[in-house]
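Each in structure tokens, the structures are laid out below.
In what comes next, chain A is part of two complexes: it sits with chain B in the first one and with chain C in the second one.
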Partner chain A sequence: MPQIKKNFIYLIATIIILAMPFYLGEYFLYIATLTLVFTLASFGTNILSGYTNLLSLAGATFFGAGAFATAILMSRYEVSFFPALLLAGFTGVALSLVVAIPTLRLEHVYLAIATLGYVFISSEIAKSLESLTGGSMGMGVPQVSIMGQSLDEIGLFYITLVIVTLLMIAGVNLTHCRFGRAFFAVKGSEFAARSIGIPAPKIKIIAFAVQAFYCAVAGGIYGVLVRFIDPSLFSIFVSISFLSMVIIGGLGSVLGSIFGAIFVIVTPQLLTYFGLTEIQRSIYGLAMILSLMFLPNGLVSLTEKFKFFKQVEH
Partner chain B sequence: MVQMIISGIALGAIYGLVALGIVLVHKATGILNFAHGEMVMITTFVALSLLGFGLPYWLAVILTLVFAAIFGFSVETVLVRKLIGAPLLSTALVCLGLFLILGDVAVWIWGKDAHMFPSPFSDKPFSFGQVSLSPADLGPIVVCILLSIGLYLFFKLTKVGIAMQATIDNQTAAKLMGIPVKRMFALSWVLATVVAAIAGLLIAPIIFLHFTFMQSILHFAFAAAVLGGINSLSGAMIGGVILGVITNLVGIYLSSELKEAMPFLIMLLILICKPQGLFSREAEKKV
Partner chain C sequence: MSAVDVKNLSKRFGGLKAVESLSFSVNSGSVHALIGPNGAGKTTVLNLISRFYTADDGQVFVQGENILTLRDYDIFRTGIARTFQNLEIFGDLSVFENVMTARFRFMKSGVIANMLRLPRSRSEERKNKDRVKEIISLVGLQDIAFKRAGSLPYGQQKLVELARAMALEPKVLLLDEPAAGYNTEEVGKLAQLLLKVKDILKASILLVEHNMSLVMAISDRITVMHHGQFLAEGTPPEIEKNPAVIEAYLGRRYKPKVEEAEYA
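And now, the complex of A and B:
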């Protein structure tokens, strides 16, 4: 019986999501795609901060690098979308080594400060590489076309949905395998993890690389969705928004990443829609503080009151 | 050269003051206050508004410091007190949340324009040989030196200062000795915010006052705090000065782009070679 119920919920959710282009207007479809993009970044950040408990503020670095790599490959070298996105993901992974290896020995406070430094430095670099990135003016991003056909918003929504779904499934599997348990072990105690033979430094590097890959791919899709990017992507606000999704949604939970992304993206967009642009940031600043104080396990802990959600989670 | 070194010291000392606030709070409560820069920004804007009402400069300064004390106290009581001892991820994120909120508050109240901010020191230069200096260069240095001496004496001589040090060293022992630990936590936030307000009053005349003006300085201050050791009060000041001088010299002799990157590079170097900082003694981590 529970199995049927669970499948039923999956079915309903799938139909609701797949049918989105038919009942959402253009603007809301854009928001839906944006939410998918940020779900990816949120999930990547959750692997690093929620599962492995490393507080890194470098998310914006990977996100921005992914966006710029995709845009530059597509516009300057005429690479098509999918290879460009994949290369952007690997650019993120390469960058994650630059971030992770020097900071491996650092704990807590120091890691947060050092990764904050990377965000500032990457924005300076993006500004100074004017010939590639267009400097502080930013650059346009070409439209995605597949087999010579350029994609409209609906096409982009489905493509994003497919990419995000595949990567999320891969990520969930990753957290259930040896690596996932090692992430949790390192979170519990690095020393204890080492003493039972878990190579903690390697696990940390992997966690960083996973976050970087997910954030970079999210950045790449974000670029082609918004069609314009500039160095302000390398902003501490972007990093904070990733972390706030994880916190508001629920640390170390897949469903939490999704809830967090929905909250952090949809709330500000709705506020903009109602003409309240000014208070976007403080809304999720406030949501972050309130959820840390009163809902330490995130929005996902609310769903535990409803049995069926709990079944979906497991 | 000498001139650049002195202006480097001046700038570095101010950044050191910002770092001092961060270190003070971290040392006392174990919380890394990402919102420190935004708190500086808010107090400086309050000073600007007070000056806008036509108050004389020094009266405005005193009122600003009073406001800073109340501000620091209320942040501590409302937000921080519940979080002492909580994992770093929670405390840091609460501070980041505060960072976002304060940024928006500043935009609501004071808008997005950049403002000029008056300086108490004249910028009329006087010269020693080839070097020409103005009170505007030297003033911040003097203020920082006086403040450092004041803080040093406070921690060494006054009963409250010693009680605070005891709290920082060992909370449980301090509590057993009858020190009101919670009040000490509040006091450290008050002290940090007041120092921050002074730093803001010194920085704002040099660069324009704007709702984002502290963000690059915060980066600088974190670098200074790491350089000096995140648990060393004097280290924060010295780290700030060293960083200010190096950055200024690099800006002249090497390239201005490298100047922007300098705090980060120095910080990374220190973190790789000596993560506990230059002036901090920290015990090995116990399991």
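And now, the complex of A and C:
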């Protein structure tokens, strides 16, 4: 019975999401696509900070690098969207090694502050590489076209939905296999993890690489969605927004990553929509405080109260 | 050949000599207890053997291999596994997943194979799952295998640790106070379980323990430490009567008669 009920809920959710272009206006469809993009970044950050317990603020570096890599490959080298996105993902992975290896011995706030340095450095690099990135003026991002056909908002929504769904499934698979367990082991007790043969430094580097890949792909899609990017993408606020998605949604939980992204992206937009522009930030801040006060394990703990998704979670 | 050979092992913390030129051997297939009053350096010895601390001097051979030259996450290859005095389980994972983590190095699939659930990744998962389930049943946790380990009572969490160590298929089990927190009846059960585990794995056990009834019940030999140094070694009856040991535990003015009552 619970299995049937669960499947039913999944079916309804799938229909609601697939039908979005038919009932959401242009603006809200944009918000929906944006939420999908941030779900990827949120999930990647959850692997690093929620599963492996490494508090990093370098998320914006990977996100921005992914956005610029995709945009540069598409506009300057005429690479088409999918290969550009994939290459952007690997750019993120390469950068993650630069971030992770020197900071391997750091933990908690020390790691957070050290990784913050990379955000400042990457911002300066993006500004100085004017011929590639357009410097502080930023650059336009070409429209995505598939087989000679330009994609409109609806097409972009569905493409994003497919990419995000596939990558989320891959991510869920990862968390259920040996590496997923190793992430949790390093979080639970690095000492014990090492005693059973888990090479903790390697696991940490992999967690960084996974975060970087997901954030860079998210950045790549973000660029083609907003059509214009500049070095302000490399901002600590972007990094903090990734972390807050994970903490508000639920550390170490896939569903939590999704809920967190929805909360952080949609709430401010809805408040603006309802004409609360002036006090929007205050209400959003209040909602953040209240959600952590009453749901310290994240929004995902709401589902446990209803027992809908229990099996999915760890 | 002995299972563990500790030779002139020394460790200093600042001015404190936690372990000073300690030597002893654990015979293959035996239960060897390391005892001593609080602060004698027993846990330090275990932490040196499992490479959590780096020894200042000396060697530790496990099945003939000097493990002090290996990295901490590689020593399991010599056939050594341990449990911890203060629980070190992975609270976010289920009992089953906790034990599965110990099979990490028994698996070979990479990150991408895991993500795509390639046949290789699935088949190794299946193979290891069977063995892990066996081990979980052996320690009697099969009914709660899918509960979150962090939510279990202390006694069961200790069994999770034991099962996790067993999943490494060790030849030498280091147990740091397995009986801590157990009542008399539970200690009896634990003694039986440990002997069963030893036989099934065909392993030796090196036991650090304060609970004398467990030590006396299952140990073949006992090494006594005092102030980081070797004090005595022998069979349980020999150690029980050893005046130096009694003095170390109870002080100079006590006479052996008082002691017998406690061990009875």
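Just so we're on the same page, the second predicted complex is superposed on the first by the 287 of 314 C-alpha atoms of A that agree within 3 Å, B and C clash if a C-alpha of one lies under 4 Å from a C-alpha of the other, contacts with A are read in each partner's own complex, and residues count from 1 in each chain.
Criterion: contacts are C-beta pairs under 8 Å (C-beta built on N, C-alpha and C of every residue); 3 or more make two chains touch, one makes a residue touch a chain.
The shown structure was predicted, so the numbers you read here are calculated from the model rather than taken from an experiment.
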item	value
Which of chain B and chain C A:Pro296 touches, first, second, both or neither	first
Chain B versus chain C as contact partner of A:Ala182, first or second or both or neither	second
First (chain B), second (chain C), both or neither touched by A:Leu106	first
First, second, both or neither for A:Thr14, with chain B first and chain C second	neither
Partner chain(s) touched by A:Leu243 [first = chain B, second = chain C, both, neither]	first
Contacts of A:Pro199 with chain B and chain C, given as first, second, both or neither	second
Chain B versus chain C as contact partner of A:Phe191, first or second or both or neither	both
Chain B versus chain C, judged by how many residues of chain A each one touches	B
Touching partner for A:Ser150 - first (chain B), second (chain C), both, neither	neither
Overlap of the chain B and chain C footprints on chain A, listed as residue numbers	189, 191-192
Interface residues, chain A side, partner chain C - complex	170-171, 173-174, 177-182, 184-185, 187-189, 191-200, 206, 209-210, 252, 314
Residue numbers on chain A that touch chain B, as the complex places them	49, 53, 55, 102-103, 105-110, 112-114, 116-118, 120-121, 124, 128, 189, 191-192, 236-237, 240, 243-244, 247, 251, 278-282, 284-289, 292-293, 296
Interface residues, chain B side, partner chain A - complex	26, 32, 79, 82, 87-90, 92-94, 96-101, 103-105, 107-108, 215-216, 219, 222-223, 225-226, 230, 257, 260-261, 263-264, 267-268, 271-272, 275, 285, 287
Partner chain A, residues of chain C touching it in the complex	50, 52, 72-74, 76-77, 81-82, 84, 88-94, 97, 100-105, 107, 109, 111, 114-117, 121, 125, 148, 164-165, 167-168
